[in-house]
Amino acid sequence: MSSHLQITHLRKRFGGLVAVKDVSFDVADGEVVGLLGPNGSGKTTVLNMISGALLPTAGEITLRGVRISRLRPDRIARHGVARTFQLVRPLPSLTVAENVLVSLAFGRFKHWGPDARDLAEEKLAFVGLGGRGGENVANLTYIDQKRMELARALASEPALLLLDEWLAGLTPSELQIGIDLVRRLQGAGMSVLLVEHIMDAVRALCARCVVMNAGEIIAHGPTETVLKDPGVVAAYLGDGHA
Amino acid sequence: MLIDTLITGLVAGGTYALVAMGLTIQFGISRIMNLAHGDTIIAACFASFILFSVFGLSPILALMIVVPAGYVLSDAIYRLIMRPLVARAPNAGALEVDSILVTFGLLFVIQGVLLVAFGGNYTGYTFLNTPVDLFGTIVAANRLLALFLALVFGITLIFVLSRTRWGMTLRAVSIAPENAPLVGIDINRAARTAFALGGALAATAGVVVSMYQTFTATIGVIFTMKALIVVILGGKGSLTGALIGGLLLGLVETFVAAYIDPGLTLAATYTIFLLLLILRPTGFFGQAG
Amino acid sequence: MSQTVLRRAFLRSVSAFGAAALFLSAMSEGATAQDDRTSVRIGYAVSLSGANAGGAGITTIPNYRLWVEDVNAAGGLLLPDGSRLPIEVIEYDDRSSSEEAVRAVERLATQDEVDFILPPWGTGFNLAIAPLMARAGYPQIAVTAVTDRAPEFVERWPSSFWLLGGGADYSTALAAVMAEARDAGAINNQVAMISVADGFGIDLVNAARPALAEAGFELVYDEVFPVGTSDFSTILNEARATTADSFVAFSYPPHTFALMQQSQVVDYSPPLFYLGVGAGFPVFQNMNAENVEGVMSLGGIDPNNPQNAAYRERHQEVIGAPADYWASVITYSSLQMLQQAIERVGLDREAVTQELATGTFETAAGTITLENNQLRDLWWVGQWQGGTFVGVAPTDREGASAPQLPKPGWN
Amino acid sequence: MSTTVAFILAAAALAGLAVAPLFLNAYGIGLLVGMTGYVVLASAWAMFSGPTRYVSLATVAFFGIGAYTVAVLSETLPYPLVLLCACAIGLTVALIVGLSTLRLAGIYFVIFTFGLAELIRQLVTWYEVNVTGTLGRYIFLPFEGIHIYWQLLALAAVTLLLSWWISRSRLGLALRAVGDDEVVAAHAGINVSRAKLMLFALSATIITLVGAIQAPRWVYVEPAIVFNPTISFLTLIMALLGGATRLWGPALGAVPLFLLFEWLSANFPNYFSIILGIFFICIVFFLPQGVLAKIEGLRRPAGKVPPEDKERSGAA
């Protein structure tokens, strides 16, 4: 079976700096894969290349056999890739519901009209924001903005979801809610690529992990094995993390 | 012929460089896109005219009065009008747009005051309109003075900005305004100084231009446009860029006039300007990104 | 935006339109009661600001103000019954925009209901208001409009008058002066000619090319430059490099000043040196002192005409600056024509129009009779001679000075 | 339904405005022409610049293209075809400009559009001088103020209707998203360039039509007359005064500001520039989001911040 997302020999250079060197891995249908590594190791750059925010210098990205690595971000989104951002980026002049509506209207299935409003409400309810669609995004708390952003990503009904430190900055109780949400997505058959620093969340959600350092993959395999890898530990310690 | 065109172009470019330097400093460091720049120049033209025709003061001496006055007035304008805008702007982009709008109003105020004071007539006087032989090409001494002052002021300021502590402060604000406070820089003061410095440069340009060009209260926008082109050519905030961009503009206009068609000089300028905006909006000497 | 907000916004805008409508309804009444008049209302809209303020500020505005001052100092406009009524002026700024000029005239005609409307500055603006003036029955004594199509416009708008001739008049007269000078051996038969890329420059140059060719001249340099040009070094160097004895520039004031200055710098002083609009401005003489000697341009005056001398003195006295040598005196004279027409036939606009078309008037520019609503008796070419810009062509016109060529070199 | 009510009211207002000139003198009609012209210009400007926040100074470039097209073609083609040609030319130029510039952001877009008007003016001048050999052109169309007013009024109605329709359409949502955050919009599946291009072209076409409709009023047309940069700035400040993100905002800014200018130039002709300048500065200072937002802000219970205000005063 061909894997859902396949990345081969991906490379990205900014001027003289090579941020990502020869990265290859895949994500299967319905799988949650963790993408780990210290700050500056190139994780977000990889994510940006998958979602189309950056053009790879070399290498290929395919989604269900379709090459997406040269497409514009909106085309990639319509192929079924959705993402959240490291720092939440709500659309401030739109209401909460309208934020979600954007993805519904322009995502894979182009919903519009009254049923789109219902769908938006449904997505909001799923992330725990039921009935708050009419509010101004500025009035939402940080966690609620994160929920809203997840609802917006889900509204395009993606085949692959890219979560960029979506769980960062949450309190322990909020974290548990977040982990449960992602688990429910997995249960619904969605593939997720999770960039994350919170190891508890990674352990809870990912069967498999890819660890990057300085633009290269230094470990790849089952989560527990990878996290015990001496190279991985060294990389994190070297970066000041423990 | 080629040498002739080259020298004439460079001398014409001296004026453009002088006219643009003030704008580039204000835009680059204070983040104010000052559409009233040309009208500041015209105000200085009138000041210099009055000093010359009423008080018999040589424009060279007038520089000593008009340039400091330009500094002080611009400083006051910054405190009064620009500072509140800077304070409320959430980001550089919003400030730039606000500054365009507010200085457009300022343009009308200055123009209106000049109209009331001097009427709409053509005004001018002659000073230093004497030929100078430059490598076999005859140029006007007053235009040569513009080139000379552009080079002296430009190079002095470039030196000051890159070598002195005070200059480093201004440059730090221009490159990374959000980080400047971290190293103890008073952004407000730096931006105000830069804006006032830009005003002083505009005043210099006004005094020099008044020596060889007739002016009316309403032609300021022509200078603003020229300065804008040079600033985009050279990259915002770059004095080196303004200097070289100004000379380049003079050369382009002169070469198009000499070798293509004098009717296309301005069209050529705008074409280069617009193409550059599309292809390399940071200019030849601007900071990338 | 929710529906209620939408509706509220809508209602608000309806009320705003309502307020505007109220403002407008005031427009439909207007001033009436012309009986028991205590003044003659005269209105005009000229460019007090914007791009045209420079031109209007030299030629039009000072003369309007001077005339009003003169008339009112004498107790007002004299009417046929011997009574006098002072002039009440309504002045608007058209901000150098055609649309504003049109609306200002509509306002003067239908809102202020003035007795007479003086024309704006510039060819385009005079054309813009012409249909309105004709429809409302106001005589339009256009001065600062140089157009070859005046006969056609007179047919279209019979109450319009065109007092400054057409481009072809100036060009053919110049060609005639040049031909005479060449035949006398003062200049050779080559010409370097430049013109500004604007209505006026194009009109003149289009007429000059065939006129010069017909007179047997060879155009060795012929370029058009954009209005925004400020540096003429290249053009002057190229003209100087030719063997032409004549340099002709159909230019606007800023170019005229720059050309004059820069030709002195590069020591380009051809035997015949002709510049466009601005060479007759006082500031031109102030800036160039005795170097103006011999420079040719449009317009001129008869230096021995006492009325003109008196006018120039008054202008200096009241306005505080000398009058220019081309259109100023015509502007003032056009007002004197209006004044005398009123004196003869009263304030009835139709009668005044008729009188303007057929009458003979004593003005600062001499005795004027219009031909087919146009002033044809004008100085087409003038030359600076002994500190005065005198008319040299038509050569057979009374008071014409003889052209002095070649022009002396720069000091 | 409140929408129905709003439509009935709007239709009634339109009918009222259509018969209004029958009771007015020429000056009253002249005011209506000027006012309606600016209502359309400001509304069309806000159609693109409001939601996307791209400040365009190209208004006069398109306005001038419209006027010039009429001047060139009015004697060779029937009038409706002339308008159609003007639309086509405006649209083509808008598409070319849009394709090449929509990558530019912020101040560079502003400067570009400012320069564009000048470039087009220079090219038209050069073409006329060198190819046709004339510069000024005459328009002798048998239109009086009232005819021009009716055309502009119809265009105003169409423009507002289009704005209303767009604001409720997918495209409107897309533009608001683009105005907030282009990156997020693109990742949500919006073809950002196409959305911007479509609106820019639509807005430019309407502006071109305004120039085309108004031109017969001036009889004589030359580049200096029709490419007057003040038009761009007045349009901009009118839209800002009323609020560029509201349907009625631009119209609400255009009407009072136009009347104010008229009053100023009649009563203080010599001080017009100064007062206009001060007024301009005051609008930027005190009403950066427009009158409508200000009024709504005052009515809104404390604590609830309208979205646009937050953008200006809050965190980036």
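By letter and in written order, the chains are A, B, C and D; residue numbering begins at 1 in each of them.
The rule we apply is simple: a contact is a pair of C-beta atoms (placed from the backbone, for glycine too) under 8 Å apart; a residue touches a chain by one contact, two chains touch by 3 or more.
Every value quoted in this text rests on a predicted model; they were computed, and no experiment measured them.
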> Using direct touches as single steps, what is the fewest number of steps from chain A over to chain D?
Replying inline: 1
>> Using CA atoms only, can you tell me which chain is the most central one in this structure?
In response: D
> From the C-alpha centre of chain A to that of chain C, how far is it in Å?
Replying inline: 72
>> Taking the mean of the C-alpha atoms as each chain's centre, how many Å separate chain B from chain C?
In response: 35
>> As a quick test, compute the distance in whole Å between the mean CA positions of chain B and chain D.
In response: 31
> If you average the CA atoms of chain A and of chain B, how far apart do the two points sit, in angstrom?
Replying inline: 49
> For chain B, which residues are shared contacts with two or more other chains?
Replying inline: 111-112, 115, 261, 263-264, 266-267
> Where in chain C do residues touch two or more other chains at once?
Replying inline: 48-51, 197, 224, 226
>> Going by the contact rule already set, what residues in chain A reach two or more other chains?
In response: none
>> If I apply the definition of touch given earlier, which pairs of chains qualify?
In response: A-D, B-C, B-D, C-D
>> Could you list, by residue number, the parts of chain C that touch chain B in their complex?
In response: 47-51, 53-54, 56-58, 61, 194, 197, 223-226, 228-231, 233-235, 237-238, 253-254, 257-258, 261-262, 264-267, 278, 281, 283, 286-288, 321
>> Applying the document's contact rule, which stretches of chain D touch chain A when the two form their complex?
In response: 170, 173-174, 176-177, 179-181, 183-192, 245, 304-305, 307-308, 310-311, 314
> Can you name the residues of chain D that touch chain B in the complex?
Replying inline: 55, 100-101, 103-108, 110-112, 114-116, 118-119, 122-123, 125-126, 129-130, 229, 233, 236-237, 240, 270-285, 288, 311-316
> Within the complex, which stretch of chain C touches chain D?
Replying inline: 1, 3-7, 9-14, 16-17, 20-21, 23-25, 27-28, 30, 48-51, 91-93, 95-100, 102-104, 106-107, 109-111, 123-124, 127-128, 130-132, 136, 156, 197-199, 202, 206, 224, 226-227
> So in the complex, which bits of chain D are touching chain C?
Replying inline: 2-3, 5-6, 9-10, 13, 16-17, 20, 23-35, 37, 122, 125-126, 128-130, 133-136, 138, 140, 145, 167, 214, 217-222, 224-225, 228, 230-231, 246-248, 251-252, 255-256, 259, 262, 265-266, 269-270, 272-273, 292, 295-296
